[in-house]
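Both of the next two complexes hold subunit A, though its partner changes from subunit B to subunit C.
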Partner chain A sequence: MTTMTVKDRSIEVNEEGFLVNPDDWNEEIAQEIATREDVGELKEEHWKVIRFMRDDFQANGKVPTIRRMKKTGGVPVKDIYRLFPKGPAKKAAKIAGLSKPEGCV
Partner chain B sequence: MKNLLILGAGTAGTMMANKLAPELESRDWKITLVDQDETHYYQPGFLFIPFGIYSREDVIKRKRDYIRPGVELVMSAIEKIHPEENRVALANGQTLSYDALIIATGSDISPEETEGLTGEGWQRNIFDFYTVDGAVKLAAFLKDWKGGKMVMSVTEMPIKCPVAPLEFVFLADWFFTEQGIRDKVEIEYVTPLPGAFTKPVASRYLGDFLEKKNIKLTTDFDTGSVDGARNKLISYDETEIDYDLLVIVPTVMGAEVIGRSGMGDELRFVPTHDRTLQHKEYENIFVIGDAANIPASKAGSVAHFAADTVYDNFLRYIEGRPLLESFDGHANCFIESGFGKGLLIDFSYDVEPLPGKFPLPGIGPYSLLEESKMNHWGKMMFRWIYWNVLLKGAELPIEAQMSMAGKRRAS
Partner chain C sequence: MSQDNGRIEKVSIVISRGSLDGVYPGLIMANGARMEGIEANLFFTFFGLETIMTKHMDKLKVATVGNPAMHMPSVVGMLPGMSALATKMMGREMEKIDIPPVPEFVEMVHDAGVELYACRATVDMFHLKKEDFCPEVEDIINVGQFYEMAHGGQIIFT
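What follows is the complex of A and B.
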């Protein structure tokens, strides 16, 4: 287990950088993860996606897939890739404080 | 008399009907099985068609011949399921009421989901082999192909039989060698996954195999569109891959009737408890096979192991007893690796494929995650087992629950 420090608070993350305790999440931590993932400053467009993901997870207990973000969240896929380049499903989930999207089988 | 209605007479539906028929006869339950297609397709055989190993005739049989007497088979498309009202509307105008329902409507490819895929080039130099039609057309193409760059790509996960596209490139490597044109063919395997396969240990083994066979592996590629006029496969972040021949596994989705009935997720898979296989909302509905949204492989072997759980739990349900959480996601798949050899993987929700011997620890005769001639024969024998054992709902000499016996953890 490793830790990440945000404003003097030490946050536990796993080997891949996902939060160990989802309750630790707040917007500052999201920004810190985004910076580490080379996503840069989170803008309203990013937050829209992050909020949808968190709400959807609350409601369904599953990290939404890109397809679900498009169909249910109404976010065009191209935008998701522009906002969270290189592996957006995983990256956005990490920033949203959720677990790694369910492995494919 | 109560009614058990089974939707779909493919691998899972046929198996369930045959397994339950003898038991339900004595219990005043009637089984009705509905399907729209008279023909049963042995889908694992589709893999061999492009290389001329099997023909269309080798993979089809009449559904009726595999269904036990006592099961009523209704031939019609299913129009809509009304789970609130315990009835199902058929395209032939009939309405069937049920006391309990088993959904086994499977999954299929949806090439229309990808921009440009069914446009120019489709079935000219772009093919699928997940349908008998696609596989037969690809066979005709490969017969005269002189070589060039072949790309095998997986559009998005989950797909049914996640090892099939890997087997395809292994067999292609063999096939082009046999044809004497291997040096004129470049093979590239393109996947949205971070490695060759879904699970880490197997992914490493299979990745090494690709390298050994001189097959280029491109990972993390999320297919956004296909430009058939320019022969390019394009990702959502606008990386392009050129091809002369594109073999593709398009997006795989549950049956359209599931979508029409408002019973599916974004991919039309039905929300199902992953250990009891009961529907998440309706107690009198069980879901088996590719139709379920459980995190297990979409494979005939998985449906076979799941059938034990559905059988037990259906009887428990009608007797008002608590359900068993007995399904563990067990999958057991032979992987053709070309040149008369094959591999075997055996895994579950909790345990990824590991090396070792199967099913008898230390003895086999099959080797897990290792190439052998025996594994190839296992794969070829599977067709006989499918028609003669699996569909009949009979037992295989393999436990439904995955076992750790004979497997090695560290490697």
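What follows is the complex of A and C.
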């Protein structure tokens, strides 16, 4: 287990960088993960995706797929790939403080 | 070659069959590659071309004849409506796990950055034209161009 320090607070993350305790999540931590993942500064477009993912996870207990982000969240697939380049589903889930997506799509 | 720190960086996937069970694996692998940040190309050849033909892409069926894994005798699979039934059942299960129908899947992989190509030899053999294909198709290319495009990556034949 490794830790990540955000504003003097030590946060536990697993070897892939996903939060160990989902309750640790806040917007500052999300920004710190985004920086580490080369996503850069989180803008309103990113937050829209992150908020949808968190709300959807709360409601259904599953990390939403990219198709679900498109169909239910209303975010075009192209935008998801542009906002979270190089592995969007996993990166967005990590930044949103959720677990690694399990499905194949 | 295509591996850096043990990671695949690029794949070129060939889809050569036109049954539903023939096209989904390639689409899922191409989409999955993009989801992992891997560069991906799709090359459609022979009956696989139906996947990207405007007229056929929403009508692909599961093959119920000559397929031992269907666990039904081929004569049953030949009955009218069997293939349509199997297709409907598979479609319903796929929808549950968020795997889209073929036309939507083609659009999705394209939007995800997969480049789609049609095989020149098959296009000539079946007397097809660029207009027969959905707009997501980049180009009609020959096998030599395919290898150029696949350079530096892995090739997967389905």
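Basically, the second predicted complex is superposed on the first by the 102 of 105 C-alpha atoms of A that agree within 3 Å, B and C clash if a C-alpha of one lies under 4 Å from a C-alpha of the other, contacts with A are read in each partner's own complex, and residues count from 1 in each chain.
Here is the rule we use: a residue touches a chain if its C-beta (ideal position, glycine included) is under 8 Å from a C-beta of that chain, and two chains touch if they have at least 3 such contacts.
Model, not experiment: these values are computed from the prediction.
Contact with neither subunit B nor subunit C is seen for A:S99 once the two complexes are overlaid on the shared chain. In the superposition on chain A, A:T72 makes contact with subunit B only, not with subunit C. Using the contact criterion defined above for the overlaid structures, shared-chain residue A:K86 touches subunit B and also reaches subunit C.
Of the two partner chains placed by superposition, A:N26 touches none, neither subunit B nor subunit C. When both complexes are aligned on chain A by C-alpha atoms, subunit A residues 65-68, 77-78, 81, 85-87, 103-105 touch subunit B in the first and subunit C in the second.
Contacts from subunit C toward subunit A in the complex involve residues 28, 31-32, 34-37, 97-100, 108, 111-113. Across the interface of their complex, subunit A is touched by residues 156-158, 162, 193, 198-199, 220, 222, 224, 236-237, 265-267, 295-297, 329 of subunit B. Contact residues of subunit A toward subunit C in the complex are 65-68, 70, 76-78, 81, 85-90, 103-105.
Those residues of subunit A that touch subunit B in the shared complex are 65-68, 71-72, 77-78, 80-81, 85-87, 102-105.
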